[in-house]
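Data block below; observations after.
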Amino acid sequence: MSPIFNEPFLAALLTGAIISALPLILAGLGEQMSERAGVMNIGLEGMMMAGALAGFAATLAGLGVWGGLLAGALVGAAVSVIMVLFCVRQGMNQIIVGIAITLGATGVTSLMHNAWYSRTYPRLDAAEKIALPGLSQIPVLGPGLFTHHPATWAGLLVALAFALIYRQTFLGLNLAAAGEKPDALDAAGIDVTRTRSLAVLIAGAMAGLGGAYMAVIGSGIFVPHMTGGAGYIAIVLAMLARDRPFWVVGGALLFGLCLSATTALQVGGIEVPTDFIQMLPFLAVMAVLVLFGRNARLPRALGQPYHRGQR
Amino acid sequence: MTESTEFLSGARPAAPRFGFLGPLVLALLPVLAALVAAGLVLAVLGSDPIEYYGYVVERGLLRWRGLQATVVNMVPLLILGGALIVSFRSGLWNLGIDGQYLLGTLTAGATAPLLAGAFSSIVALPLAMLAGAAAGALWALPPALLRARAGINEVISGLMMSLIAASLTAAAIKLWLKDPASLEPQTLTLPVEDRLPLLAGTDINIGIFIALGLVIAAHVLMMRSATGLRFRILGLNPLAATHAGLGVPKLTLSVLCLSGALGGLAGAVELTGVLGKMQASWHPGYGFAVVPLVFLARMNGWAVIVFVFAFSVLQIGSASAATRLGVPQDFTLVLVGFLLLFLALSEYAGERLRARKV
Amino acid sequence: MTASPSPIVSLRDVTKRFPGVLANDRVSLDFFPGEVHALLGENGAGKSTLISMLAGVQRPDEGEIAVSGAAVAIASPKHALSLGIGTVYQHRMLVPTLTVAENLMLGAPWWRRPALGGIRARFGEAAAAFGVSVDPDARVENLSLGEQQQVEIIRALWRGGRLLVLDEPTAMLSPRGVEELGAMMKRMTALGIGIVFITHHLTEALEFGDRVSVLRSGRSVGGIGPEALKTLPRPEAMAEVVRLMFGTGLATAEAAEGEAHVPRVLLATKMLEVVGLSGRSPRSGSSFEDVSFHVRKGEIFGIAGVDGNGQTPLAEALAGQISATGSVVLEGRELGPASVAQRYQLGLRYATDDRNGEGMVGKLPISTNMVLKEIGAAPFWRRGIERRAAIDAHARALFVAHDVRAPGIHTPVGRLSGGNIQKVLLARELSGNPKVIVYSKPTHGLDLRNIEATRRRIRETAEAGVASVLISTDLGEVLALSDRIGVMVRGRLVGIVENGPEARRDVGRLMAGITEQEAA
Amino acid sequence: ADVDTIAIVTPEQGTDFGWNQQGIEGLEAAAKATGTEAIIAQGLGYGNVRPTLRELAEDGAQLIIAHASGYSTEAIEVAKEMGVHMVTGNPSEPPLVANYNLTAEKGAYLAGVLAAKMTRTKVLGIVVSSESPNWNAQSAGFAQGVRATSPEIELRYAIIGPAAYADVAGARRVTESVIASNADIIFGQGNGSSFGMIQAVETVTPPSGEKVWFIDVIGDKTSIDKGHLLSSVIWDMAPVFTQMVEDVRADTFGTNTYALALEDGSQRLLQTGHIPAEIWAELEAVKAQIIAGEITVDLVLEPAATRAMMSTTLAAAE
């Protein structure tokens, strides 16, 4: 093996994989919840952009990393209110409203960047990392996997929390029912609109959080269009993972590893056109759809508005 | 996706009392509201909205040169509009349109210069366009098959195919199709004199007639032909399609492949008319710009022409405004986003009013 | 058993309208504690609508609902549950992807952690008492419809409450399951709970019910009180209920019965012959088995039976919409796997009962819907392009001939009332050159005038030599129109009866599950 | 021919401290120097710029710089169509089309020398947003400078991706990996994404703990430096653009290629306070040698050839 594949380099690759996976994990988990409840959120990308700008601005204003993440989540949720009002309450077309949100948020954040940051390019200080005692000492894997900003762990904990919600709480059942058979949920005495609204708001918050993580911890800087399609990848991850949060995590990590592998191959001097490597994750998704598509069943009521008593 | 057709109900395809003016009138109010709202954003960010809009109209519409640019700019958007009319009216979401466009452009870029060397352009260009259309149809096939055979949502597979297309076209150019004389990764260039002829004394090539023809053809196909009626029934009520003996899987394949062929054709026409060559970095994302326009037009071909025209004025004008007034071009995204939201609102208000009358 | 004098829930002049339908017309009913109140009525009589207002799914347009004597506006299912009204709906209300236990827990406060163990144990007990064995950890989508219904009944039973509403709970139960349900209802009423019990099986209603009420065309047309029910001999009670339900002898229903059946002399030419046909609808999951019959030229062959006994998939199989095994012969020609379009071309028409679901494209105009099954054919299309003049002329002629009441032929068909949609549908299927027509509930949901007109048209068409298969749940209709009558029960054609004075009795017996041998 | 208005079209906003900003500032300086009016069309993206080019020509610009390699084909077409002078990266076609060769391989060579002298880990990183000819020329020039100074140094080369101009997160991730492979100086090229590289340089250290330096290209980011900007290969386009205007006036436009040169300082290494004086002096000497022709720097434009130089560097190390 080439001498460049030393331990720190591998660690950096792993770190990079995790850092680029985390926004996908957060947004993907949010989308998963929204889809579980029957609302397809194509506006995820826009919510991530909004969250990225908000998180960056808040951290820059001195609120710290956690303040930035919170701001991102709040703004993401605020943007998703549009989705709640138009799609959940009024039953409008979710794809159209989603595209509108993405276009609008991309445009607005680009304009704001131009107005506020384009002359100074402010950068944030590095979000300090915490090495998990013991684990981070594991050779080769330890440093890359277990030395991160605590928010990274919080992000992974969300997956655990969601899994618990889905498996262990009535909320989880309610969400699944809202996406599968909303009339049955309604008949059981639970407000479908409220359940779906909650899911959409959480999806918005998670997407905003993902964007904020990208800007505050991932890059430390905000530039227009910086989410670069991560929202769509998150949607795909959510669809493929269906109701299993850890599949979102796994898929996102795999995606991150793909990106890091690109760097590894290049730094190692192996000539593979980057375009091909960039294509791999999407090809993989298509392959999964072709092979397991029949199983990748979406919630029955996905995309369909619910109105009580309508035949 | 039955709800998609719910939204489309606004199209009221066969209501004769509106004709093609109806959708226009219904869309005018949200357009005004969106202009005002986006103007507020401009004002907040320190630009004068009146000056901006004035500049856009002056540069994109009133100046002869700008108007020509606007018309040329419309060509791919119109053909893509036709592609989306076919798909949306059939209740299918061909969001892989950008990938089909790229494949069509690439194929035309790879074939047109060679064909033009071998045949006269009267033969070469149509052949290149056919090749582009075929490539677009082929690119639409995987999502179409997945949808028709296994009922897998075409939105997600379409988006995937678009992302793959962006990388694939770049890789194909770099590895196999690169013009050896150029440093940039791009295909051979179709000489200016071999491209689609220009209207005398203008920058406008005859692609605009192809585009107008196609969008109207798409409209007529959907609204006047037997095939179009079958497609629409598929979108409006798949159960009725089965009941009436129309094969739903076959219709699904036909719709998505036809839409894909038009998507590919859009790229081929733009390449043979304007671009002349395909660059590895070329992904203009027209599809996502056209989706909202087709909705604003309520899937009516005539209204699509009007909205594409207005959008082109905005694009050409805002490119100038970016130069002179310092408002980034991304402002057009804000405007379109607002347009969609206000359109959705007016749709809702309309439903409410109608419900009250009943 | 002593019925307490004050009702748990009372309906007072409750009216509910849907576009084009008066589903409930000033209905007043009282539901008492400790009493099984059997609610009867033919399809579309408004039973489900009535109880959906009790359940908070619909709200009355007029009138009021009183709970324990006080008027309340039941705003939501949650509200209804809090008032102690539990409902088992006619259509399954279980989440297919969740397990039985999870479905049972649905509706509790969101933050609470489900105690699966307790649920399993309780469900086990209840299921045992009910005489069923359903795995509480099975996913609902893997259960049969009957098992699902049992789960729902158990859920409703153990939620308790004061009034239990069961909308056709026995539709999917086995005979033993029906008995268990009856016993269970007895135990519940002994505890003072009131039960509303909707069924199409008169025997069940009379056996389990303490009181019977009948809805007809949305109106409450009477019933049998507890005292009378106890004293009245069973056949007489049965006759009384039939009289109420189908209106025999009632002034309001005379028109519906139309002219009585007149025996006709028919040629022996077999137009349609069905041999050993079996099939299953992938959509609804309901099926039919080994059905054989034939229809002669000009004959009307009625198929009677309670809704949900496989009539729909049979009709769909005849029309070519679903695949089936067995043989269908049209005019001596084996159809084999011929497609819908081919069968239509050959003159086999299917007038579906699902007129809004599959029969019509609501957003397209009447004129287009009139040619929905002839898309691309001359003279309406030439070289693939529609010829509006021809389509409009065709539509206008049928519009007048079938007396469609609508603003014009370009009105979207979805805006029409149910009866007028039905006229458009029949106009389409009868136009051209039909040889065999399968009618599925052709007068379902029509008003009396339209029923009359439709029946006359069916008769005229038959007299012109068309062979007709008339599927209907309305026995009166079948008797009034058919030359022979087949009866379907649980997917099988259990018998064929020549129409005549004895036909009503014979068909009724077959429907009630009494085979010909037993009757004899 | 007479020139009173000159114009530039750039793909991004001129606020990137790089390619776009240098082009715009260069044009403004040239306009001042030649007494002409400047029109700036910025942020046009990488699409079809024919409409803008035509509009500028109609607005009176007689000389237009098509400031993105992807604009070349259309710029040449519009030049012929409208009869305006156009500057592109493609070969010259006098009288209307001239080539400008904005590669700073010599400046990059100097940067390579600087990096080789300053590194303590003996590992250097090159991070690029894409494999464009400009970047390739500089990467190769940098590698040559490094090798000439200290053959045992390892060179790690990484590309962020094809559409990576805005991918700051990706740039940061890739740069962090390269630093983790023990590089303590990063030669970064990538317009917008270079901010992600700087972010990485500012926030991580190689395993051996050294401070990491960043060597930038094209522009001068001193004003936003947080103490890691070692130098930059500056592209000062004002002399080039000025020369173009003068050539148009003298009707010699397009007869010679316009290039950045060490001689007139249009191609130079940025002197920052972080460069020790003695090293700077040595760099001045190397610069003189290059100008004198004693050192030749090969111009390498192809991706494969550029990558090959990296692997030879690696091979020399083993």
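Read from first to last, the chains carry the letters A, B, C and D; within each, the first residue is number 1.
Methods note: a residue touches a chain if its C-beta (ideal position, glycine included) is under 8 Å from a C-beta of that chain, and two chains touch if they have at least 3 such contacts.
Fair warning: this is a prediction, and the values are worked out from it, not measured in the lab.
Most remote from chain C, judged by the distance between CA-atom centroids, is D. Chain A and chain D have CA centres that are 35 Å apart.
Inter-chain spacing, taken between the CA centroids of chain A and chain B, is 29 Å.
A separation of 47 Å divides the Cα centre of chain A from that of chain C.
One finds 78 Å separating the Cα centroids of chain C and chain D. Multi-chain contact residues of chain A (touching two or more other chains): 114, 224, 275, 278. Of all residues in chain C, none touches two or more other chains.
Across the assembly, chain D contributes 13, 162-163 as residues in contact with two or more other chains. Touching chain pairs in this entry, ordered by label, are A-B, A-C, A-D, B-C, B-D.
Contact residues of chain A toward chain C in the complex are 168-171, 173-174, 176-177, 180-181, 183-191, 299-300, 308-309. The residues of chain B lying in touch with chain D in their complex are 59, 65-66, 69, 72-73, 166-167, 170, 182-184, 186, 189, 192, 203, 274-277, 279-284, 316, 319-320, 322-323, 328-329. Within the complex formed with chain B, the chain A residues making contact are 40, 42, 82, 86, 90-97, 99-108, 110-112, 114-115, 224, 229, 232, 235-236, 239, 273, 275-276, 278-279, 282-283, 285-286, 289-290, 293-294, 296, 298, 303-305.
Against chain A, in their complex, chain D makes its touches with residues 13, 15, 17, 154, 156-159, 161-163, 166-174, 176-182, 192, 195-196, 198-199, 202-204, 206-207, 224, 226, 304, 307, 310-311, 314, 317-318. Here chain C touches chain B in the complex through residues 19, 319-321, 339-344, 350, 352, 354, 357-365, 368, 372-373, 375-376, 381, 384-386, 410, 412, going by the rule given at the top.
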